[in-house]
Each structure stands twice: as C-alpha cells, then as structure tokens.
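Every chain is named by a letter (A, B, C and D) in the order it is written, and numbering of its residues begins at 1.
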Amino acid sequence: MSGPPSPAPRGFASDNQAGVHPEVLEALAAANHGHAASYGADAWTARAEELFREHFGAEVRGFCVFNGSGANVAAVDALTRPFEAVICTDVAHMHVDECGAPERLTGTKLLTVASEHGKLGPDDVRRWEARRGDEHQAQPRVVSITQATELGTVYTLDETRAIAEAAHELGMLVHVDGARLANAAAALEAPLAALTTEAGVDAVSFGGTKNGLVLGEAVVFCRPELAEEFAFTRKQLLQLASKMRFVSAQFEALLGGELWLRSARHANAMAVRLASAVGATDGVEITHPVEANAVFARLPRPAIDRLLVELPGEHPFYVWDEEADEVRWMCAWDTTPEDVDEFAAAVAAAVAPV
Amino acid sequence: MSGPPSPAPRGFASDNQAGVHPEVLEALAAANHGHAASYGADAWTARAEELFREHFGAEVRGFCVFNGSGANVAAVDALTRPFEAVICTDVAHMHVDECGAPERLTGTKLLTVASEHGKLGPDDVRRWEARRGDEHQAQPRVVSITQATELGTVYTLDETRAIAEAAHELGMLVHVDGARLANAAAALEAPLAALTTEAGVDAVSFGGTKNGLVLGEAVVFCRPELAEEFAFTRKQLLQLASKMRFVSAQFEALLGGELWLRSARHANAMAVRLASAVGATDGVEITHPVEANAVFARLPRPAIDRLLVELPGEHPFYVWDEEADEVRWMCAWDTTPEDVDEFAAAVAAAVAPV
Amino acid sequence: MSGPPSPAPRGFASDNQAGVHPEVLEALAAANHGHAASYGADAWTARAEELFREHFGAEVRGFCVFNGSGANVAAVDALTRPFEAVICTDVAHMHVDECGAPERLTGTKLLTVASEHGKLGPDDVRRWEARRGDEHQAQPRVVSITQATELGTVYTLDETRAIAEAAHELGMLVHVDGARLANAAAALEAPLAALTTEAGVDAVSFGGTKNGLVLGEAVVFCRPELAEEFAFTRKQLLQLASKMRFVSAQFEALLGGELWLRSARHANAMAVRLASAVGATDGVEITHPVEANAVFARLPRPAIDRLLVELPGEHPFYVWDEEADEVRWMCAWDTTPEDVDEFAAAVAAAVAPV
Amino acid sequence: MSGPPSPAPRGFASDNQAGVHPEVLEALAAANHGHAASYGADAWTARAEELFREHFGAEVRGFCVFNGSGANVAAVDALTRPFEAVICTDVAHMHVDECGAPERLTGTKLLTVASEHGKLGPDDVRRWEARRGDEHQAQPRVVSITQATELGTVYTLDETRAIAEAAHELGMLVHVDGARLANAAAALEAPLAALTTEAGVDAVSFGGTKNGLVLGEAVVFCRPELAEEFAFTRKQLLQLASKMRFVSAQFEALLGGELWLRSARHANAMAVRLASAVGATDGVEITHPVEANAVFARLPRPAIDRLLVELPGEHPFYVWDEEADEVRWMCAWDTTPEDVDEFAAAVAAAVAPV
C-alpha cells in the first residue's frame, strides 16, 4: 500500500485514523479516581472480564492487550508450540502487516493460501493435512481467519462453522483476527458469540481501537483451558499494562451497552452508502463485496492521482494494489453521510472525462 | 514480592497504582479532534519528538512505546545482536520483573552483578572483559543501569559518567532503564540530558506511566545512528500504537512544561517525609538511602502483618524481601502529606509494643 | 513427499541415503592421531579453510557446520537482522523442509515466489522493492537461491549474475543453498568460485554430506566482512563441533583433490542415463530439465504403486507430488549404471499395459 | 578460562581434545554399507534406541543429536514453554559455555544458584517456589544438574534423588547434563539407569563425544510422554543428521558392550593418579574433590606460567580461574599412566623453588 499519511479531518484512509468516541473518553476519565491495583487486579478489569463473558460466552476468558499485532501474536503463542504453523490467507494482516512479528516472536511458520475476497475455506485447511507427522515440516496447528476480512468481506456463520469443523477434525484450532469483529457482527446481525464461540472458534483477537477506543484489544479464549498460562504469555510478549484499569474502562464503555454495535453499524452503513454512490459512476469498479466498513475499487490511474495529489489531505486513502489501480476506502465510527457524499462527488469528478 | 493487590484510595504499593494527572487527561481529550494519520505520522507525535530533543539533546531520537518492558526490550534489541549480552544488577527490573522477555524476545543473555543499594559501578563493567572474543560465551555489549534504581537510590552524574567511560573503553554501550528517570533528575536537580546524553549514555527507556500518564514510555536514542532501524524494531516488538497521537499528546502534557518535574519532585518529597517520620520510630530501620520516591525499611514481622492484614486495603504495600522482613513503600505524584502522616502513624502504632 | 523410508542397497530416494566415499573414511581415520585442539583450532581445520579459499576465492572465509539446515539457518542469521526477510522460491528447502527453523531461530520471514523449474529470476527480486522502508513489513534483505535446485535444474552463470545484480542494486545480499553445489558446478563445467564469488554471490551453504561425507557442510562467506561475527553465530546456533578435526578432514578429502567433482559428475551422469532410459518409455513424462543428479517424472499412479508396493525396499523413491503423480529419482555418487538400467527396466515394466 | 589452544599429543586441556576410540571408528566404517534410509529410519538407529532402553530403562526414548549444546538446548526446549525457567548452578555449562544458546533458542531464563563444588541441592530448588504464579517472573520448570559436574565432582544417587523429589513436589522436572555421565556412573559403580531414570530424573543429555566418539550425543527422555513431539524439536533445532546411521553406529560401539564404562573408568583412574601425584607436591592445592576425570588445583602463578609458556604445546591445559590461579586438568579415555607421571613431574618441577 502507498498513499498520503498526512492528517485530515475525516478521510477514508483507515478506521484507525479516526479519533476516540466521546463515551470512551468519559469512561476513561471516570476511571481516574484514587489508586487502583495495577496489572489488572482492579474493579474495572473485573467488569471488562464479565463483559467478555456476556458477549462471547459464559466460559470464555478475555485478556486486554495494547494493540492488534499484540493480540494476534499473543494468541498464536498461546495456541502453538514453536514447531507448529498457522494457516492463513496471503492477505492476512498477520502475514502482510505485522513486520514478521508472528514468526519472530512465536517461532511459528505461516502457511498461506490464496484467498477469495479475503476468505479461505475448509479445503484450504484440509490441504495441509499431508504434512502432519513429517518432522521436516512445521506442523499445522492453527487456522487463522480475519473477520471482517482485510478486503471488507464477512464470513457467514456457516462458513466459519465449516472451517472450524475441518480444523477440529484434523486436531487444529481456529483463531479469529477480529480487529473488525464488531463490523462483522453488525453485518451478520448476530451476537459476537455467534460468530465465535458458538461457531466453533477457539480464540479471538477482539478489536477495540478501530471501533472508537484510544487503544485496546482483547484476546478472548472461547475455551478456558486454552487460557491457563496466558497471563505469562501476555506479560512476556510485552502486552500487560500496569495501569490496566484505563484499558479495561474503555471496554466497559464499548461493551457495557450497545456502543460497539452502534458504531460498527454506522461505519458499515457509510461503506454501503459510498459503494452505492461510486458504484454507479462510470469508470469505477467495486472489486470486493462491500459487507463491512471497507470499499475496494478499481479506477483509472489518472483519477487516483487527481484524488490523491490534487486534493491532498482532504480525502486521504490508500492505493491497495499499485499494479491493479485498486484503492481502499475505509469508513469509521465517525464518518458522516456528508463526508461520504462529498467524497463520492470528488470521485465522480476525478473519473469524469475532462 | 508479595502483598495485597486490592485497590485503595492512595497507598504505598506502587507509583503505578496512582491515577492519571488531570493535565494529562486534558491533553488526551484535546487530541481527540477529527482524523489524524496513524502510526505516528501526526502533529502530536512530531511535537513529542521535538520535546524529546529539547529535554535529552538536539541530536536524540525518541520513540513512544506502550510500557516499560516494551521500552527495555526494544532498546536492548536495537543495541545488540542475539549473541551479545547485557550487564545489569541482580535487582534490575529487566532481570527480575519482565518474565524473561529480554532473553526470549531479543536472544540476549543477562550478565548480572551484585548491586550495592541497587547500583553497579565501572568495575562491574570491566570484569566481563575477559570473555570478549570467546565464541563460547555471550559477548557483553550493553551495560544497563536503572535510574532511579529499583531500590530508590540515584546514580550521581559522576557515577553515570564513570560507568559510560568504562563501557565505551570496552566497546560497549550504556542503556538507562529510566522508568523513574524524572525522579532521579528531580533528586539531582539536573536536566534529563545531564543524566543521560551528557553523561555518555547511549539509549534510555524514559518512563511516563509512573509519573502520571495513562500509559506511555519512550525509547530515546542519545546517538541518532543507533535509531536508524528502530522503526522496524518497535513495530516487530509489538510497541507501535496505531492511534499514536493519544500517546504522544500525553508526553506533550508531561514535557511541554514542568509537569514532569513538579510531579517527580513531589513524589520524592513525600518519600523523604515518610522516611523522616518512620525513621525515628523504634523498630523501623531504613535499609537504603532515600534518594527518589521509595522508602525501603525493615520492621518486625508482626508489625508488617498488622499493617497488611488488620488494615487491608487501607495502605497496601509490598513486602520486598520476605526473609528479611523488608518492605517497600512507594510515593506517587498524588501522594499527599496527609497520606504520609497517617501512614507513618499507622506504622508507629504497628511496631509499638502492645 | 511420501514414500518408503526403509533401507535398501542403492535406491533413488535421496543422495543422503548413500554411504560415505571410502577416501573420506580414510581421511577421517587418518585424522585420529593423538590429541588436537578442539573447536577448530587444529591443523585439519586450517587446511580446510585454505581449501575453501582455493575453491571459492582468495578472500572467502569458510566455516564447517553439521548439516544443511544448520548451514542455511546460520548463514541467514549472519546476513539479516530479525526484521529482515529472505526471498526464496516456494519449493526452497529452507521454506519446505526445515520445519520452520529459519523463521524460529533467526526471526526472519520468508518471502516466497513461484518458481519456474525450481528457479527464480531478477524480477522476483525487484518485485519486493515496494515494501522497502515500510515498518509494517519485514524488509527484504537476502535472496536465497538453491543451486542445483530442489527440482534438479541449474542456474547458469548468467542467471546467477543477473539475480546478484538485481539484489545488490536494491541493497540486498545473495545466498546460495548449495547442498548440491558440486552437482551444479559439474553440470556447468565451471569452478565453484565461478558459480558463487565471481557471480556476485555473498554467502554459500556448501554441501558435503550428499556428496559422500559422513556429515559436514560449510558456510562460505564470499565477502570476508560478512564473516566477522560468524564464530559466535555458529556456536550459538549449535553448529560448532568440539572435535572439529574430524569434520574438517572430510572436507580435505573432498576438496584436496578432485573427489568432489568426480563424485558429482558421476551422479549427474547417472541421472542423465536414467532420464534417457525412462524418457523414451511411453507413459513416463520427464517434468523438469535433467541438469544435475535428479530426475522428476510423471507416470500413471498404478505404475507408481507397482514400483513402490510390489518392489518395496528394492528401489525406494519419493512421490514428490501426490496429486500430480510426480516422482523424484535421485542419483548419488555410488549409483551404478547397473542400478540405473535395472531400475529403468522396472519402470518400463511398471508402466507397460498388463 | 584462558590457555593454549594449540594441538598436542596428549595433554590435559580437555577430554574433547582426545581422538576417537578405534572400536568406534571400526563401527562407523562397518556402517558404510550400501544405502540406508536417512534421518534415523535405519537399522543402526533402531539398535541405538534399543541400547538406550537397555541402559536407561525399558520405557525411555533416546534421540541422537550432534553435540552437547544441541542436546541441552533441545532437551530444555522439550521440557519448557518460553515463559518457563531452568534452575542451574552458576558454573553450569549451559550458563557459561553455550554462548547464550539456551536463552536465545528456547526463550527460557536461567535461574542460577551458587554451587558447592559444582553441585546444587534440594534447597536451591525450593527457594524459587515463591515466584510461582507471579506473571512478572519466568516460572521455574526445570532443574538442570551436571553429572559429573563441571568441577569434576559427582552427585551421589541420594543427592540426585533428593533433588528430583524436591523438583517433583513443586511440579518441576529434572534434567541431567550428562556430557560426562559415563564418568559419573563409573565413579559411582552404578548403571546409567540408577543415576537417572531410577533416581527420578526426567531427561538426560547423554554424552558420547568426550568418551571416544567422533561426535554424537543423545537426548534420553526417562518418561516417554515427554518425548512425544521431540522429533520436531530436534529437527527444528538443527540437530537431525541425514546420514544418521553413522551417528547411531558409534553409540552401538559405545553401549553395545562395556566400552563406555571401560573408557570412563580409565579416564577417572588417570585423574586419581594425577591428583595423588600432584597433591603431595608442596605448593599445589587440590580445590575440588576428584571424583571423575578432572583435577582442579591452585598453584603459584609463576608455576602456571612455566608449565604453559615454557612447555607450550607439550601439556596444554586451561587456567580455570585467572584471579584464583586455579587450573583444570582433564583426563581422557586415551590418557596414559606415562602421560600422567610425566606431567606430574613437570608440575613438581614448575612449583619447586629454583
């Protein structure tokens, strides 16, 4: 990806360029009262853990961490031994955007499969079975899927279940990189547990940052026995906050009511609005189904340049695939209909023959 | 260490049980305006980097990270190859309290030396010279000192300089674990640069969390050539925040004025007040010079038990050395004179013969 | 790969199923004289180092290690920092057959490209340029090619040079996995230096085991400055033999005269003989150019089964690609023309319509 | 340690400067017959595995590896998760002489205790109990003792049993670094199983190289369930020989009869002879009980210099502790009484007043 990293009011570069939801900031401020036990032995963290159980299932165990790479790496570390491997797509965030941290820090090998619109299927799991037991090859142990995917698509509940069944049949575990799990749940109109625990998922990286937090993700183990040693894993992988209450309090704001869902629904709706607007424009081709909060589109290179260079900082976004002239437009919890309409008009103008 | 991890208004367990300074929260809220480029390409981060140069020297390069272990591990990783080793005391935080993260994540070996009141000296550096060049032994490359130390003492500027000279003579580098560097600077009445860059230090883990931030530390490279690849190191070691502006803005609050110094001075003063009050009490022996914001004391076991068990949650603190009946009392930016006096009275009562 | 691992007189499963050349055993026995300094400070090792310079170039530095994975992993470790990556083909031994050791032990990420008959080209190097400088992505630093390749083909001198030029232009280094470098040199009728140092290669894993040693490989650095810290790397990666003279003496046997070349030429010739014999057989399709000591062929599944099941242990070999009914037949230094002819006859019989 | 690494007929520098026992070379040559399945699926390896069961217990599982560091690191890796730690003495080979490989490659932390003549005791195990469950500290999981120790002493069967009991009570495992286990068994006049499996040991690094092999060590798991995934661990840690039969055949020579015991007894006897001879010399002080094949002694510095400098290469040995003027003299399977007597005379001459 390349593109303008300069700040802007509300662009379409990434949902992590958005700010913090006011309710989250309020919760953070409200947690600033006197002393509290550090490293998670506080009331806010107890409450966050309770909320993870409410949303993901009565038996789950959730642990707050700092960021998405931290959640993914710590989850993989908990689920694997160093000679074991993780099956994921070749567009998986953990493969493409984490600077090799999973390999370096956990010792795992990533076994990539070509994705269809960002998704893999049960056959992509089964194809690795042949290497089981061969000491020369890293042993497939975890299937990691991203939900919503890096390409803005969403696994249906049935699709997730089918992957989990294939994995479990072969003695593997399923991890969901859920940096945008809320967007997927909103899209599927299903509770978080339905997408994860109830679909056979074993562990989740549950994202908060892109959905309106200052920072904060959680590793949620759907089966508690997988979490037994995770306190050590989290600490050793540099993901344990000393003033944990300020991370936990944000999750309370997110999950205590419907903020997580409201924000995700809104971002998704903005993506649909944008896709509808630009999809009708001659010269713009939507390249992946718009199922969450991202729109991927192909448009003429001069149009891309006009949008990025002539309107710099106004509507920043990333060119996803330079060779294919494919761009990514992300919507966030704070994207407004006016932002979308204004940007869609700019796109229309950029592609229009002069 | 063992002790009560339960929350409490304002105890003496750790400066990381304190909350966030109101000015820091205000700065964080003020940064919540529109979209901003992620991963540090924002105006708040540019400002924080400028402030690191103001405080540590015109040539330094500072990078925000999440927590203290993250800062230490990333700094060590930047300064070493995997077959190289770090000299530190046997009470060093990186040796005792980071769950083996430095060894696991960087591959380094820690070469520990017995400390005197938490400090090491130039001879502790020189003694490792004999193993240079022997392929069977990890090669000493970094000397890491903690300032203020884990035992509440402070290296003088001359002591730091002498260590740096010994290290540099032998081709080694000096790292300062400065989780409480502000307290040391306040104690020495010297600018941060005097304790670090000007004393020959090569890299610093500069602490913000214990001095009133929500969370945030920085790795400061006193010599910029050491920082050339650190962007990758930080990312790979899971220490890169996507919404970086909210970490950077806190450092602006801390370093933009004198908040860092005011808070550190106050915490130090509270420790002196406490030491004066309890030091005069029969049966209480102060075990280390009180030079920063910690008081270490030995007192009769029954008195410890009375304080911890009969007044649980009132004044939590840690028993530092169970066998020696030695306790640690930490003061924070928000400790009040009343807190100190009330606690000193409780100590006096606890040690008094019934 | 799957197939019968049972022992056999002289089959075609792998050149590492062959024994030790008698001249090598003699050299090993001759080195068994009195005491010798350990860890390589002995006369045999000095002689081996001299031979590496004779064969690879006057400036090179060679280090004996135990096995091929050890050579590859240690070489990669010497050439990279943990956030850097290695470009290789998707059939590379280091990607497929080393149980994830490169990733785990060095922290590197492997960036795979689809191979054409086991080879990559300069464009496969250049395509990774776009990710340079992006902290989210492991940084390409080394291009690793296998010579002769895992598919029995050989890079021409020009092909190697073109890859090296592309790599060096982009600030990358070139590593050759030369487990079968001798076979490549025999095929090209060129000295080892011509394939490596003179073609711009920076480091080589030079194989001895498959070419008639008991065990022994060498990491040869074509540019000596890359070897400065390798003594530590070799030791830390568990590749330093205490009684080194017995590894070094084998290399003296191999490289002191023309044994390396004689053996490699013979193995290559046997592969050509086999390919000629079976290539003419209806139903057998040679799938890759036969340029070194391997023959890859596609034949009807029932024929494969007849060869493996009905003649078990007689002529063991591996099914390389189960789905494609593709097999691999390796020739070794000790394969005889009679072995080949007998096996070719068996193949002909197996594919013949009953 | 420092000293002359130059070769010599038969000195006292290290038992790894000795050559290969003729019976071992014969076995190696005898294994050179036709092709054999690689990576251990051969008859020689099956026989070696049988011999490990004969010597260590009917249930054990033994795996050949290349060298002592490889055995130790692979054993530790099999017994620990990365956040777990190994208790060992501060003179342990794995702490002092393996270039930090255990830490780097397995992620473990070494928790060192001061040794008494190279040994630790049950209290050294129990003292780490306090850190159990504290996520800030690497969790003690393995106690590693060296048998015979690095200082030439031997744990009695009762001592080993007491350590194992303490370890098992606390949920820890016991590893024996047995690079010189044969010497310990010879000293105790007990079978290998008595020192290990029957004494409660869980895993052993069993040394062959120092006892007359070309190279070869074995990791023996006394409890087979600990070995379940070790094939992967061995491969990933670069310790799997392709032509395994040539390692295994050496173990057959060593363990098939009494060669292991004969050689070890002889080396021990030579150490006793040397200690007796020099112990009576004025100015020479034996510093550790001579229980295996090493003699440690303190003698005047000028005498050390005379022995090392004036007779260079004649009788090389290491100065063990430069500051204490303490030297180490190792005897090997091939040390002769004449070697000992001649050297003892040289020592006597060196210390005699001129």
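What we mean here is this: contacts are C-beta pairs under 8 Å (C-beta built on N, C-alpha and C of every residue); 3 or more make two chains touch, one makes a residue touch a chain.
Here the structure is a predicted model, which means the values were calculated and not measured.
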Pair in C-D, A-C or A-D that repeats A-B, with over half of contact pairs matching by residue number: C-D
So which has more C-beta pairs touching, B-D or B-C? B-D
Among the chains, which one keeps its Cα centre farthest from the Cα centre of subunit D? A
CA centroids of subunit B and subunit C: separation to the nearest Å works out as 51
Subunit B to subunit D: how many Å between their CA centres? 41
Of all residues in subunit B, the ones touching two or more other chains: 39, 82-83, 98-100, 104-105, 135-136, 138, 232, 235-236, 240
Hey, which residues of subunit A end up touching subunit D in the complex? 39, 77, 81-83, 135-136, 138-139, 229, 231-236, 240
What residues on subunit C touch subunit D, complex-wise? 5-11, 13-14, 16-20, 22, 25, 28-29, 31-39, 41-43, 66-70, 73, 98-101, 104-105, 209-210, 214-215, 232, 235-243, 246-247, 316, 332, 334
Which bits of subunit A are touching subunit C when the two form their complex? 2, 82-83, 85, 96-100, 103-105, 107-109, 130, 134-138, 322
